[in-house]
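In this document, chain identifiers A, B, C and D correspond to the written order of the chains, with residue numbering beginning at 1 in each.
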Amino acid sequence: MDKEARMEWLVKRVAQEFKTGDVVNLGIGIPTKVANALPDGIKIILQSENGYLGVGPAPEAGREDSDTVNAGGQYATILPGGCSFDSATSFAIIRGGHVDATVLGALQVDEEGNLASWMIPGKIVPGMGGAMDLVVGARRVIIAMEHCAKNGGLKVLKKCTLPLTAAKQVNLIVTDMGVIEVTLNGLRLKEIAPGLTFEEVQACTEAILIKPDKVAV
Amino acid sequence: MTKVIGLEEAISKIKNGMTIMVGGFIGCGAPSQLLEEVCRQEVKELTLIANDTGILGDAMSQLIVQHCVSKLIATHIGTNKETGRQMSTGELEVKLVPQGTLVEQIRSAGAGLGGILTPTGIGTIVEEGKQKIVLNGAEYLLELPVRANVALLNAYKADKVGNLVYRRAARNFNPVMAMAADLVIAQVDNIVEIGEIDPDEVMTPSIFVDYIVQKQSQEVTDLG
Amino acid sequence: MDKEARMEWLVKRVAQEFKTGDVVNLGIGIPTKVANALPDGIKIILQSENGYLGVGPAPEAGREDSDTVNAGGQYATILPGGCSFDSATSFAIIRGGHVDATVLGALQVDEEGNLASWMIPGKIVPGMGGAMDLVVGARRVIIAMEHCAKNGGLKVLKKCTLPLTAAKQVNLIVTDMGVIEVTLNGLRLKEIAPGLTFEEVQACTEAILIKPDKVAV
Amino acid sequence: MTKVIGLEEAISKIKNGMTIMVGGFIGCGAPSQLLEEVCRQEVKELTLIANDTGILGDAMSQLIVQHCVSKLIATHIGTNKETGRQMSTGELEVKLVPQGTLVEQIRSAGAGLGGILTPTGIGTIVEEGKQKIVLNGAEYLLELPVRANVALLNAYKADKVGNLVYRRAARNFNPVMAMAADLVIAQVDNIVEIGEIDPDEVMTPSIFVDYIVQKQSQEVTDLG
């Protein structure tokens, strides 16, 4: 598979993590694409932390509503059965354990499930927005990201070096190279992307990966 | 007993050095015309509490661009590069706060609480300087109330005594901020007579709101 | 004045404490009567802690709405401009300092402004309901009560003997015998009900009263 | 994907010994038919969290009268003398909590907070056994989250996925309790199709609600 095909595989693979009725918050970027890759028959309820449930597809041209935008600021829609609320309720939903899963990007993840995603000191400091609450509050935290940085730098580490978004909260890491489960014994490479070998994934990973055939703890 | 006043008069109540809260989320539900007037009246040395500083070019971003703000408390500044630039040069003091924490801090102030315990930020630099409390083995940060001299809000509808109704995702921080400032000014699309809003439809009770400013329809909001 | 006239005086006197626009919460019993005794032209906004603003008069017979009752459980109405909300918002309003004044009854009040109003141990324990929040949160706490208990027992004391509702929160005590201000120096008898003397009021009061002509602190 | 089920089936999910929260304020907004069914199914040893125990004779009061409840957390029990009687004989364990504190404790549980600091109760017996925190010279009590196995609610309107709308003073504790129980059952006057409730009209988001029970119109609600 080329890079594009592997990114597509990633998105589809994340989409398989849900069952109908799950309340899911998708981060900006790769995670957003998961909404369009759900298996047939699976219907999830998307939450947008700026204040509504039932995120629908982007509106048709000419049907944009400036009051209905997603957490990335893009025009969106609300599906029938959806509802809007203020930020206090939105984060009560998030922090209170009412979100079944969140899918977020990352700068670094490590073998303890620590996540760094919100700043590179002295370089870019966009802020954490709602990410810290999402990672602490969602029942499952799924990281969806490219396995390596654009410059080839490693992102799945023994220990994060950047400021954390949250400690020990990540459950699953899905990259263009495979699916990694965070276990008490470390990172278990649960699935390998088509065409790759365990050794190839390990070579791009600082943390020591546990082989897929080992039983998870 | 109407609370409707003019734009210029409303904003003239904001003095240099005040702390202001501004509703909105990347521009959506932000009181754009109130913010433009803050810039026009060249209010300076403000402490700004808001989710973000808008998108470069919008009314919110202009508060930063025109140096009205000397201190910022926000959750995300990535959509307005000028904020990051002023932060790195030291022109602007920036404190970044998790979004769910900021909204609870504002709510605490409005609700007369001394603060709340949140698990958010544990194990991160957000912990710094804060009291940590352990309950049943779980760690929490004690986050303190945040209030302001003035709150600037945006609403879809108001009656003349100040009951507010918001629309869709434009609600966001507006109702919470309405509770936590000494003076609350709302920019409103539609002002109706007293009694025209059903009691159950009200999202911000009138008693929180001091002044209402009619939004001028310069841009068409498509309700499609 | 007979007892009835003095109770009427009490209610009217409390009603003079407000200015138009004040947000006021009236407790059950004597305080409730204040709503009908406001001076001409004074319009206050009544809050009902079970969840709305703009309490109106009792409905006409046949117009009762089972969803619109006051905090005492009686049928009520909501005036134009009123609004309803949940209990969290209601007590955010109360505790957050958004209520200008509350008028409540009392079992005992003392010279420090302590209030006892919610239980007599071993006898009646109705519970505090919203009273503890009201007394802590309202900007002004006005006690409206008969000066003495039915059995003649004193209620304006040096120190409350019953369990407190709140410590040092009472600002003004209006009884059928007079108006007493809580000051840092103690209780100042600000006004005496028509026909009574300072000595008569003092005789029914355990706390030492400061005479009306002394300047308040 | 409808959440509408029958009354008997809904209440059969409540087991002896569970903790239940019940909305309502002296009967107003209380889920009377759900409560009658709890009595009919003779569920016992319940811990009940509610503002009050109703007025002697109403559905809420029957929970006490019929000894379904062994422990009660409430703010006021004066309107149901049987509660006071059972408390004095030791049949019923009663914990009285300030109303504003109880609602924040429930909200804390629903919102994932570790607790809140409130000035309410300082200097009273409500302090007993609680951590006191001093901030800028002011004392606060640390009040901990309160949650339940099951919440029983009353709403005016619902769609089939469980979005709820309340009416007037019948809202009270219902929306907050909807957030703080493992299983949430609402008795509803009017059930409508999905899409018939405007997103801005919803007061309790569908995701908090597990089951909806159609209220049988035995009594006429006058909306005069």
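In the analysis below, contacts are C-beta pairs under 8 Å (C-beta built on N, C-alpha and C of every residue); 3 or more make two chains touch, one makes a residue touch a chain.
These figures come from a predicted structure and were not determined experimentally.
Between chain A and chain C, the least number of touching-chain steps is 2.
The greater number of contacting C-beta pairs, out of the two interfaces C-D and B-C, is seen for C-D. Remark: chain B and chain D have CA centroids separated by 32 Å (rounded to whole angstrom).
For the pair chain A and chain B, the distance between mean C-alpha positions equals 29 Å. In this assembly, the C-alpha centroid of chain B lies 35 Å from the C-alpha centroid of chain C.
Looking at chain C, residues 52, 78, 84-85, 88, 91, 94-95, 136-137 sit in touch with two or more other chains.
Across the assembly, chain B contributes 104, 107, 111-113, 118-119, 166-168, 171, 199-200 as residues in contact with two or more other chains. An unclassified topology is adopted by the chain contact network, corresponding to no line, ring, star or complete arrangement. Across the whole structure, chains are in contact as follows: A-B, A-D, B-C, B-D, C-D. The touching residues of chain A, when paired with chain B in their complex, are 48-52, 59, 62-73, 76, 78, 84-88, 90-91, 94-95, 114, 124-133, 136-137, 163-168. Those residues of chain B that touch chain A in the shared complex are 25-29, 51-52, 55, 74-79, 84, 87, 94, 96, 98-101, 103-104, 107, 118-126, 156, 166-176, 203, 219, 221-224. In the complex of the two chains, the chain D residues touching chain A come out as 1, 107, 109-113, 159, 161, 163, 179, 194-195, 197, 199-200, 202, 205-208. Against chain B, the residues of chain C that register as touching in their complex are 20-21, 23, 43, 45, 52-54, 78, 80-85, 88-89, 91-98, 136-137.
Chain D meets chain B in the complex at residues 104, 108, 111-119, 133, 135, 138, 140, 142, 144, 165-168, 171, 199-201.
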